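Naming follows writing order (A, B, C and D), and every chain is counted from residue 1.
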Amino acid sequence: MTTLWILLCSLGILALGAGIAAITYKQHKTCSWISFATVFASTTGIIYCAAQVFINGPIKTAQPLFSLPGIGASLMITVDALSALFLVITSVICFCSTLYSIHYMSYYKGESLLRYYPFLLLFALGMMGVVCVSDMLFFFVFWEFMTLTSYVLVIYERNEEINLRAGFLYFLLTHIGLLCMFVAAFLLYARVGSFSFKEMQNAMGMLLTQNTALLHLVLTLFFIGFATKAAALPFGAWLPEAHPVAPSSISAILSGVMIKMGVYGILRVFVWMLPSSHAWYIWGGVIAIFGIISMVIGSLAALTQDDNKKLIAFSSIGQIGYILLAVGMGMSFLRVAPPLAAVAFLAALYHLVNDAALKALWFLNAGSIIYRIGTRDLNRMGGLGTLMPITATTGLIACLSVAGIPPLSSFTSKWLIFQSSLIGGIDMPIYLVFGVAAFFMSVVTLAYALKYMNATFLGKSHGEINRSLITEVPISMKIPQIILAVICLGLGVLPIMVLKVLYPALNSLLPFGYLPRFTALFGSGLTGINLSFAGGISGMWNPLWLIIAAGFCFGLGYLVFRFSSAGGSRVRVAETWYGGRKHAAGEVRYTSLSFYVPFKQYFAFRVKGIDFEGLYPKTLHLPRMTIPQWLRAVLDIDHWLYYPFASGFVRLSQWFSRVHVGIPQVYILWIIIGVIAAIIVLFTLPAG
Amino acid sequence: MLPILVFVVPVGFAVLVFALGRVHWIFREGLALLGLVVTFAISIAICGRVLGGELLTAWDRNLYVDGLSALMEVLGSGMGIIIVLYSIRYVTRHQLGMPLNPWRHTYFYGLQVLFLGMFNWTCATNSLIMMWVSMEATTLSVAFLVTFYWQRQSMEAGYKYLLLVSVGVTLALLGCVLVYAAAIPFLPGHNILLLTEIGKVTKLMPESVVLIACAMFVAGFGTKAGLIPFHAWLPDAHAEAPVPISALLSGIVIKIGAYALARTVTIFAPSYGAVVIFVAIMASVSMVIGIIMAWAQDDLKRLLAYHSVSQMGYVVEGLGLGTYLGIYGGLFHLVNHTIFKGLLFLCAGALMYATGSRRISELGAVTKKMPVTAFCFFVAAMSMGGLPPFNGFMSKITLFFALADRGLLWAAIISVIVSFLTLACLAHAAYKIFWSKPAITSNPEIVTKKVPFLMQVSMIVLALFCILLGVYPYLIYPMLDCATKCILRILGGA
Amino acid sequence: MVEDIGAGGDLIITLYLIHFAFSLLAAELRNLKWSIVAITIQSLFLTSILATFANIAANPSLYWWSLTSLITKVIIIPLLLLLYIRQLPTAETRPWLGTAPSVAAMFILVVIFYSFLHTNVEFIAPTLQAAVEPARSNLALSLTICALGLWVLLLRKDAAKAVIGLVLLENGVHLSLVTLAPTLPETTIIGIITNVIITVWLLLYLAGRIFQTLGTTDTATLSELKH
Amino acid sequence: MSYSHCQRGKDMTSAIGIGILNLFIALGLSPLFEGVARKLRATVHSRIGPPVIQPYYDLLKLLGKEDIRSSSNYLAGLAPWACFAVVATATLFVPIGTGEAPFGAFGDAILFIYIIALAAVALIVTAAASENPFALIGASREMMMHLAVEPVLAIALITAAINARSFGMGDMVNWYHFHGPSLSMITATIFLFLALQAQVGKLPFDIPEAEQEVMGGVLIEQSGPQYALLMWSMMTKQIIFVSLFCQIFIPWPRTGNLAWDILIHLAKVLVVVLIIGLIDVVNPRLRIDQAIKYYLLLVFFSLGSIAFAVIGA
């Protein structure tokens, strides 16, 4: 019970902090630090609760905190290991983002913090609420809460019209998705008359036996909703527009946590809620297909971007593709080969965690660049590595992590995905193709990661950049990046530990009896994985020994260096050599535009006047939030009601007051007339 | 004894002031204030005893103090104290470019005290004719206060005030005579004049006479109360009199009319339904036309004056209903109007003191310089607009209910609409004065003087009362209840 | 007013007629001094009417009434008027209506008003006694004189003339008291009359000040405060 | 498969020993093979050519030379070193002569591919960190070659893995060794051989370094010990790929004896290197887009090998 209270407190303090922040938004520092303190407190609380959950099993509210008996909805808090996992991700990343914001927000001069910190905290609260509740209606409530607050944060820079448009696209699509989910929920609700997850589960069971078509309709609607939020293409068209325009600290949360909520929803509904049936198989295939689409298009589109945040945004789509692929595989394999399924699910969760960490890191990194350079255009950067070494290092770590370079994070997850897809693909060849595609895309991932790296930190600086002015970002912006970088490294170096944490989450997700023993899957090693599906070990991966070996080889290299310096070799920094010519710095540059041109052209084509680059439309036509003329006319009450009325009234009153001619005799006349009138009225009025 | 003291004491003090006023300011301001404080103390004592449930009578029941009288007396003398407090700095130091004239200030304070005396007499007396006499006396005693500045406009205003009110009130005298004459056959000689007695025999009187008398009363006392169309003197007098006197006029003087109506017309209400409707009509007309005219005003004081016309409509409407709820609401609104309208006028005075202008178009964006005034103004404005949690809301809501209860839905609706219009008008004015840049920027720096402490104190006291009565109406409930019961008792006697 | 009334009736009727005539004169005379004289005489006859009623109705208190009115209305008010008239121009400022039309209109109006009242006096007569002669005609007359006063107040621009109109009005009311409320205590009468005196005095003082400031007694010019 | 199991993780000492042996062979003998290739080129050009151990001399000379860098970026100093270290690490995950890679118990084919990728990353970072536009052009090309070629290697290994039902190098080797030639493996072998040329960066696919166009591309700013390390790692890479090819896709003949196996292996490697050198000599350089097109086609066809593997052929 106490744990529950700690949880509730750490959620409540966010709301409180939002209130205080809203009051003190005028004082930049106070507001920022209060918000940070709030998030810090809640983060500690959440982590404690999560630990409790992982050790002592799920937290449940005995009786609903608040209930609408009329419609059978009640606010039940249930935090199982899966929720706990998401809670931890959310709180940690929000913590980093808030800490980052303290200095970062000074970049937005003209804007009011009132539209930032309160909404940031409420946004975090909303996301935590989404994973905590076990009632569909309140799930939607928090979901909408999350969406609206994030919408406000996305359009933080209200003055640029493009931002508003992107925000509107986000608003529109997510709400269409929400609508679909609402319809689906009501279809289920119609069966059981309650919104609680358990009842929904029963409703699905009923549909499974009675009306399969309806069940698939429901699942389709749910999938559309969650896929929209998870930004799985083609539903995720909002993401590449919304992420770049939001402040980087927000982009970090959006792509680090919020889109993962879609995955959470899919896991909840399609795995946890949907009873064991052939529907798993079918929908696993569907989800995997959408995953592969997002992966391919997202990665290839990221390759073509010259806006650093847009590049990262597309990369999130690609990584979401990996996660969905894994989830889909898991669902497909679940009934035929539980070990494969378990590995796939664990891979999905693992990749989710990795991607959360590294995307947050990457966006913060991009934010630091924007903070210093003031532009998002990769063509206008370059050569910052020498000026901002720490940022460059964190950037490098982010890039290598997303590319899945061992021993950094997301190698293990990708490795697991390949293993399960390729080995599982022997029986379901479609996944073999998917696995190869995933493999290919991971190379593409490496390509765009390096493009970011080269265009930002390496190469020659753009002519506009005044290198003498640019220094390392403030410490409060460095620390979150370092924290996240360390997390990325740790997630990669200790796969067994991470898997041991993810295992209970998966256990809480799957029906009983579907999850093999941990050691049966990953062997009994503490440092390395010996992956084995039922028959024989099919893969080994031991970061510790890799590091030892690499260290040894570095030692060899060091010896060579010693040898060379013993041989009288000295280091000297000289001018860049342009084949004998002299060029001013920044005059001769290899811009990000030129990277991989021949390769990109294979994925660029033109359909009906729309340019596709990397299989994705180059310029998405953003809708404008427009009100039809007649509606505007109707809504403009001032125009047709107030102004005429007021002016008419004033004219009337002026006309009336002209009666006061000022001559005493006239006033006496009034009195006399008044008396006569009074008498007449009195005698004409009905008595009694 | 108290009923006599309550008006004899101020008269005595007035005489003292007149006698010694020129010697030293102590004998003007000091004596006046002292006199009012004493009077206030007496009225409080009276009030206490009346609430105790006894009726104070003297001079063979020619003086008869019941809850209503007590209420009016407390209200009058209390308001008087605040106004004198305000005047001390406003009138004495704020010369409007005139040489300091001890005689003038002497009679300024002397007449105020005298007026209070007459007012208390009006409230204390029980004789129909004497009530008329004392009322005329109050009219006269205020006349030279209106013309205080002796400039063209002030004299004009004073002339109109004197002439119109005298004529109107003379009509009321006719009404009194008629009622008196009609009461002769049914009452023993020495009782004929007593309102309390007349109230008992209204049924027996010939209807035509009663109706004509009622018309006369409404015309006469309505002139005093500033009901449309007898209000012509009111805006001029309010606008041109010195600010404390404006507050006095719309705070107390016009309330005498309402009081007289409550005493005279109300006693016919139960037996003659036509009277009720007639009064409701008159009141509605007043509130509607008053608010309409207020919208056109650029002169702040004139605007407030028209608002007084409109607000008196509420008071009279409530009193005319003759039901408990109606009379209660009317009296409550009477008290509230005294407070918030007085406060508004004092705020206008502070503005004039600080900026030397009372034209809304010349004022603007003075909130920074005079926050207290702004605060008070808004409190009063919202109170008059009938916004919770201010006192105006309490009384207005009561009135609406009373009207609806009595079946006069149209009147209720009109009252609600007018209440909204009032709020809108005041919000408009307040916005122009306190926030927007002045429409006519004569000089960049509008605020030239600082509002003195005494003036601020008196304003703040009233503002506090606005809020206090709003959030804790029970503070005044017993007095109102007692007063209402008294009126109803007279009616019940009928 | 031709039908027969009881003892002393004719005397009263004559007094009424003279009183009424002088009221008309007071209203119509253009020279203020003369109209003051007229109003004085009118008040004198009011006093005499009071005395006569005291005699007829054998109501001694009415003697006191006549005495007070003699002192106040015949002596004090005219004195006040004359006192302040001295600072003012003796010639009255042009009224709204010229002399001839004014006289004609007033005469017609008065006659109609009087006859109307006299025929259905019951309508306003609160008691039966008030509906019989001479009270009947007295009531009609007094109200007519009130109307006359109002007429003067309405149509005369001159400040002093307005005062005279007010006095006429008060006299009318006073006259009505004789029959309506003969039992009215002396104190109230004194109170009423004191009020009248003070009103008159204040008005005259104001008129004087206004004349000093504006150089005219034309109250129609007092129309700066409008709208 | 069972064979490899009983051997895997048997004893750490043998693993480390073989590992050191691998390192010695790969690092120590790679210049020799390079020298042989040069000799071959010379003979084809009908020149005498440098002595076979000329590459050793080159390395020594470079190590003694001054290290001129064009950027103060610390990555510029770190990356070549990292490149060398990574390539050296990679040698521990390929079987050279043995039935099992020395560190086969700690990483499988996928890891190996990623490590090779990391080597490419190191090279690209080296190029980009030397803020030279030519170097960046080279880096871009290097990445593109990687994009195009890596899948072929991957697909070949995946084919083997599918056949062996395991990604362990040893498992693949042993499976093919015992199972004997199979259609899928042969197709994979052919495609991998076609990819080998680009993997080791020889004509017609030495596009990233193309001296005539971009003056050494990625290596333009490199000099002294850094250049030496890069050269050395490239030669080593060549040996690694060739021995991977020989060991997994041509695992015969094999005696149980370690020394013999290594000798046989080296012989096979020599042959393959000579073939590569021959192709290198007689071919002109392709344009990058031609190369990409060529390899993307290769990728699509090589999917066939997987298909064969799935149907068990």
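Assume contacts are C-beta pairs under 8 Å (C-beta built on N, C-alpha and C of every residue); 3 or more make two chains touch, one makes a residue touch a chain.
As the structure is a computational prediction, the values presented were derived from the model and not from experiment.
K.L.:
Which other chains touch chain B while also touching chain C?
P.N.:
A
K.L.:
Between A-C and A-B, which chain pair is linked by the larger number of C-beta contacts?
P.N.:
A-B
K.L.:
Of the other chains, whose C-alpha centre is the longest way from the centre of chain C?
P.N.:
D
K.L.:
Taking the mean of all protein CA atoms as the centre, name the chain whose own CA mean is closest to it.
P.N.:
A
K.L.:
Chain A to chain C: how many Å between their CA centres?
P.N.:
95
K.L.:
Using CA atom averages as chain centres, what separation in Å is found between chain A and chain B?
P.N.:
The mean C-alpha positions of chain A and chain B differ by 67 Å.
K.L.:
Quick one: chain C and chain D, Cα centre-to-centre, how many Å?
P.N.:
Here the centre of chain D sits 133 Å away from the centre of chain C.
K.L.:
How many angstrom lie between the CA centroids of chain A and chain D, rounded to a whole number?
P.N.:
40
K.L.:
Which chain D residues sit where two or more other chains touch them?
P.N.:
Residue numbers touching two or more other chains: none in chain D.
K.L.:
If you look at chain A, which of its residues touch at least two other chains?
P.N.:
Answer for chain A, listing residues that touch two or more other chains: 654, 657, 660, 662, 664, 668.
K.L.:
Specify, in ascending order, the residues of chain B that touch 2 or more different other chains.
P.N.:
Answer for chain B, listing residues that touch two or more other chains: 159-160, 163, 167, 208, 212, 235-236, 296.
K.L.:
According to the definition already given, which pairs of chains are in contact?
P.N.:
A-B, A-C, A-D, B-C
K.L.:
In the complex of these two chains, what residues of chain A are touching chain D?
P.N.:
These residues of chain A touch chain D: 382-383, 385-386, 389, 392, 396, 400, 403-406, 411, 415, 418-419, 422-423, 425-426, 429, 432-433, 435-436, 439-440, 443-444, 446-447, 450, 453-454, 457-460, 528, 535-542, 544-546, 549-550, 553-554, 556-558, 560-561, 563-565, 567-579, 588-590, 594-596, 598-599, 601-602.
K.L.:
In the complex formed with chain B, which residues of chain C make contact?
P.N.:
Chain C residues touching chain B: 123-127, 130, 146, 150, 153, 159, 162, 166, 169-170, 173, 176-177, 180-181, 183-185, 187-188, 191-192, 194-195, 198-199, 202-203, 206-207, 209-210, 213-214, 219, 222, 224-225, 227.
K.L.:
Taking the complex as given, what residues does chain D use to touch chain A?
P.N.:
It comes out as residues 1, 5, 19, 23, 27, 60, 63-75, 77, 81-82, 84-86, 88-89, 92, 103-108, 110-111, 114-115, 117-118, 121, 124-125, 128-134, 136-137, 139-140, 143-144, 146-148, 150-151, 154-155, 158, 161-162, 165-168, 215, 220-221, 224-225, 228-229, 288-289, 292, 296, 299, 303, 306-307, 310.
K.L.:
Where on chain C does chain A make contact in their complex?
P.N.:
These residues of chain C touch chain A: 96, 150, 153-155, 157, 162, 219-220, 222-227.
K.L.:
Would you mind writing out the residues of chain A in touch with chain C in their complex?
P.N.:
Touching chain C: residues 654, 657-658, 660-665, 668-669, 672 of chain A.
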